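Since the structure comes first, as structure tokens, the remarks are kept for the end.
We call the chains A, B, C, D and E, going by the order they appear; numbering starts again at 1 in every chain.
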Amino acid sequence: MSWQIIQQSLPMFQKGFILTLQMSALGILGAIILGLMCSLCQYFKIPVLKQIVGAYIELSRNTPLLIQLFFIYYGLPGIGLKLSAYTCGIIGLIFLGGSYMAEGFSGGFDGIPNSQIESGKAIGLSQGQLTRYVVFPQGFALSIPALAANIIFLIKETSIFTVIAIPELTNTALDLIGLYYHTNEYLLVLVVGYAIILIPLSIILTWLERRIRYGTFGD
Amino acid sequence: MTELLRVEHLNKAYGEVPVLQDISFTVNTGEVQVVLGPSGSGKSTLIRCLNGLEPYQSGTIYFQGQKIDPTPKNWQLLRQKIGMVFQSYDLFPNLNIMDNITLGPIKVQKQSKATAQKEALRLLDTVGLADYTAKFPRELSGGQKQRIAIVRALALHPDFMLFDEVTASLDPEMVRGVLEIMANLAKQKMTMIVVTHEMNFAQQIADNVLFLDDGHILESTPGKDFFTNPQTDRAKEFLQSMDF
Amino acid sequence: MTELLRVEHLNKAYGEVPVLQDISFTVNTGEVQVVLGPSGSGKSTLIRCLNGLEPYQSGTIYFQGQKIDPTPKNWQLLRQKIGMVFQSYDLFPNLNIMDNITLGPIKVQKQSKATAQKEALRLLDTVGLADYTAKFPRELSGGQKQRIAIVRALALHPDFMLFDEVTASLDPEMVRGVLEIMANLAKQKMTMIVVTHEMNFAQQIADNVLFLDDGHILESTPGKDFFTNPQTDRAKEFLQSMDF
Amino acid sequence: KPTTANAASNDSSVSAIKKRGTIKIAVFQDLPPYGWVNKKGKLTGYDLALARQVAKDLGVKTKFVQVNANNRVDALNSNKVDIVLANFTVTDERKQVVDFAKPYMKVSVGVISPKSKPITKVSQLKGKDLIVTKGTTAENYFTAQQKDVNLQKYDSKTQQFNALKNGRGVALADDNSYLYAWVKNNPKYTVGIKSIGPKQYIAPAVKKGNKSLLTWTNKEITKLNKAKFFEKSYNSQLKPYFGSEVKASDIIITNK
Amino acid sequence: MAHSGINLIFEGQNLPRLLGGLWITIRVALIAIIAGGVLGIFLGVLRTFKNRLLRFILRLYLEFFRIVPTVVLLFLFYYILPKSMNLNLPAAEVATLVFTLWMAAEASDIVRGALISVPQHQVDSGLAIGLNRSQLYYYVLIPQSLKLMLPAMMNLISRIIKTTSLLLLISVLDVINVGQQIIEANQKQYPQGAFWVYGVIFVLYFLICYPFSLLAKKLQKD
């Protein structure tokens, strides 16, 4: 283990680190938006859309990101659709994350006790009002734990971007190993890199989870 | 004595299982109708049918002489006129007490915030909880929550109230406060349909008792007679079991 | 009158909050001790301390004159001699009725399967559920489950029984059956400590009443006196609130 | 099976291999015509022919371990293989970490590009995307010498050629010998830059310090050279895949 | 051109080869699921014990496998294990080990979660009839928690299977790797090979994982 080697590699890793963060952020944001829309289609049982969303969720959840990326990146150009690696990565992450987020939101909405919906109805709230004042605030709070888990999960999945030549953290490490053969050093930096992102994030998310839960339900 | 609510030949089944069978009765303005019956006899289901939370297969409900067309939209409008309080104290945990109470008046009845809050305060005062407006449901005891739930229903100035075992989940010591409020409402001639297991209380407020068994109305007897002299053996048995 | 259980200066706190303070009392063989008190006064905690489900900070429990050394191992052995029934009907949902009852006798007391089952059948017969051996808890009503739970405790032939509000989650109609079984046990001179909110029943079976408030024993009064003539105002108040 | 550290290095000695009866050889499986799986699913190629000959002369069976360019060193160091015969170019960095035997092939870096938009000078690559595979001499060269070229770094040869065909970079750099082979199969592309950087050699590699196998391999290469093994192998394995631009003397080393 | 690309799959030995690769993939997953599942139950039970040190160590183990992406885990084990532990395993076995340990880590959390969500009064009434700790786990807690943990387990299993796609990265001859060989060997005849081969592998993975997610949903409902 040589500190000098680690130090020399840090600028390269820094680039990968920032790229991992940027792509994660974009992908997660997109996944949350897509997931929310999908879960709303399901919650309101919108005909046709609901079926499409159902099929999408199954397809996305039951295939590996790696193959999704290969298919988008190497396969689709074969039928004339060529997207840049970054676009493919983000699309892949959104495609994968959207279904996880959708299930997270749906879990939250379904978790609202029926008695809450009924007492909303009993004071004459319309469907829209019920959604806005009862379903949304409570469902959101209930889905936070699942969303938090998904965020961590998606950040880790960005490591698979290495297969489409995106120089994120993992790709950087593998590349350096192939160039200079200091396997131990580079793997150490790699693990530490992910730890720097994920450990604080998971602490923050847990804290946020408690706060929102307490703010909404008081337990 | 004007008729407020009339139910005719109501039938309701969950899947194949009939739960309410040929239910007919009338409630007049200012009257307290108590619904009694063993567990599973269909009391909650009946109450829930009466404000459209459960669809029913056949039968008609008349409200103030008007036949109700049981569409979701119609029920939504009617529910402002029908207050309901459940067994579980289901205040909205994400809203404070004031917002819980004024949500309906402001959003549904489009009252001004000021009016709604003033009225909420007045009602909170009558149940002795005027200081609790800024608190959240989680900070209240079960009995307090249930009193707020009653206020929330009353804030819409309903024409009548449905109560489904509102004291059943309360600690014994909390029960009295809630029952007192209901007794007061009865005194003020609020029309009410009340499901309860508190026999003493039922006896005290019932103008009339509907006794349900297995989805049927076995008897409909004036309150003053039912508890001392029920017409059916089944009701006699029931009263005995309630009073070990 | 031989002493079966003696508690001396028992103190128990959850974290900083004291829940039981300086509790001392004695139960003699064949006696029924009823524990009353408002919600949160510490009744359940007391009962749970008495069979080692809760650790306590200080104080001593004597069982048949022997001081109990409160190690987990000791409590595990003692629990065969102490039957306990809880408010929630907690039969094991993964076992059928017969297995629920015979699990303790066979696995803990190493009885033969035949002996254990024969005894289980005899006990089931006394509570009128001899036909239910092959059923699962989910197929039974609350009252039936609670009767089985009593049988399960009795199957170990305990020296005394602890009951913690065993009828509190039951539908009113189910309560009587369970209370009758307990009353029968009392008649057969089973030593029992009973927490209940059923005042009529308590009055009927109590040899002595412990009245708890806020973790203290406020009074310990013979059953025949407590209900008609309690010594403290707090107890008077409590009795009133229980009888709307 | 677990072994101790010292035994591990001896594990790949000639006697150990003979005793084991199997030699573990790292090869490419996606690099026609050197090491690849043909349509019938059979592992074949120039490196493979050598590998099989080595095993035959040792009198043992072969066990092929697939590697990518960037894990050839670690495959040796972690004792996953005894010897690497995977188009392994001799470089100074690599000499630090493995021991190379006598070379059996010449090579230098070439660059291919579409005929329609040919890249013929390195200066044309400035600021453009160039496709390489991680851990190759091509990557090494461009990383060290041509810092203003953007490198797209792939894990495998299949991926890099796919990326080129999908137009994800303006050109692809790799060892020129199989670029010739590849363009023969893909006539829309041309080897626009035939050779850049230093002339280099390809040699078998063994774990650092494995004297016994190193010595044996050196003798073996000399012996095979004498027997014209590489010439024959060139004719059967490589020639059919190369265009007319390539001569045997460009590739094989006959005079050493 | 594209429409005829599907023929690539059925040409020669291509389909059997793909399925052969798939078998490698499945074998890794299968062993990991079974061995990891058993180990996970054991660790999950240990994690409900009061011993703080034990719980801390097991928690650390779980968090390590949670925080480090699986790709990185594979490389860590692939490169480091033989060097520092002198444990020289072929890539497929390294992968099996990684997936087993990962499965065990995640399963232990599911098992622990299920065990502690068996209502406290079940524990109390088990103790109240005099059961000792191992009897309590054996007769009461584990049987009851099995039902609770099944949906999450099904999801985990389908995640493990999906993640085996990463085997490619440490050069295991899995279904994707075989797919790449086929694309490479046929690139002249089938320039759009990538679309069809990756498409077929996409479908294959879906066909394997979907039943588990269906099962998970069904179990969740009842």
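Miscellaneous remarks
Convention: contacts are C-beta pairs under 8 Å (C-beta built on N, C-alpha and C of every residue); 3 or more make two chains touch, one makes a residue touch a chain.
Please read all numbers here as calculations on a predicted model, not as lab measurements.
Note on connectivity: the fewest steps through touching chains from chain A to chain B is 1.
Chains that touch both chain A and chain C are the following: B, E.
Among the other chains, the CA centroid farthest from that of chain B is the one of D. By the count of C-beta pairs in contact, the leading chain pair is A-E. Taking the mean of the C-alpha atoms as each chain's centre, chain A and chain E sit 20 Å apart. The geometric centre of chain B is 84 Å away from that of chain D, both derived from CA atoms.
Look at where the CA atoms of chain C average out and do the same for chain D: the two points lie 81 Å apart.
Note on chain placement: the centre of chain B and the centre of chain C lie 36 Å apart, centres being C-alpha means. Among the residues of chain D, those touching two or more other chains are numbered 71, 74, 77, 155, 159, 162, 165. Across the assembly, chain C contributes no residue in contact with two or more other chains. Within chain E, contacts with two or more other chains are made by residues 79, 83, 169, 191, 194. Under the contact rule stated at the top, the pairs of chains that touch are A-B, A-D, A-E, B-C, C-E, D-E. Those residues of chain E whose C-beta lies close enough to touch chain D in the complex are 11-14, 17, 78-79, 81-83, 85-88, 90-91, 169-171, 173, 177, 180-181, 183-188, 191, 194.
Across the complex, chain D is touched by residues 73-74, 77, 82, 84-85, 162-163, 165, 167, 171, 174-175, 177-181, 183 of chain A. Of all residues in chain D, those touching chain A in their complex are 69-71, 73-74, 77, 93-94, 96-97, 131, 134-136, 139-140, 143, 152-155, 159, 162-163, 165-168. By the touch rule above, chain A contacts chain B in their complex via residues 113, 115-116, 118-126, 129, 133-134, 137-138, 141, 215-219. Partner chain A is touched in their complex by these residues of chain E: 2, 5, 66-72, 75-76, 79-80, 83, 158, 162-166, 168-169, 176, 191-196, 198-199, 201-202, 205-206, 209-210, 213.
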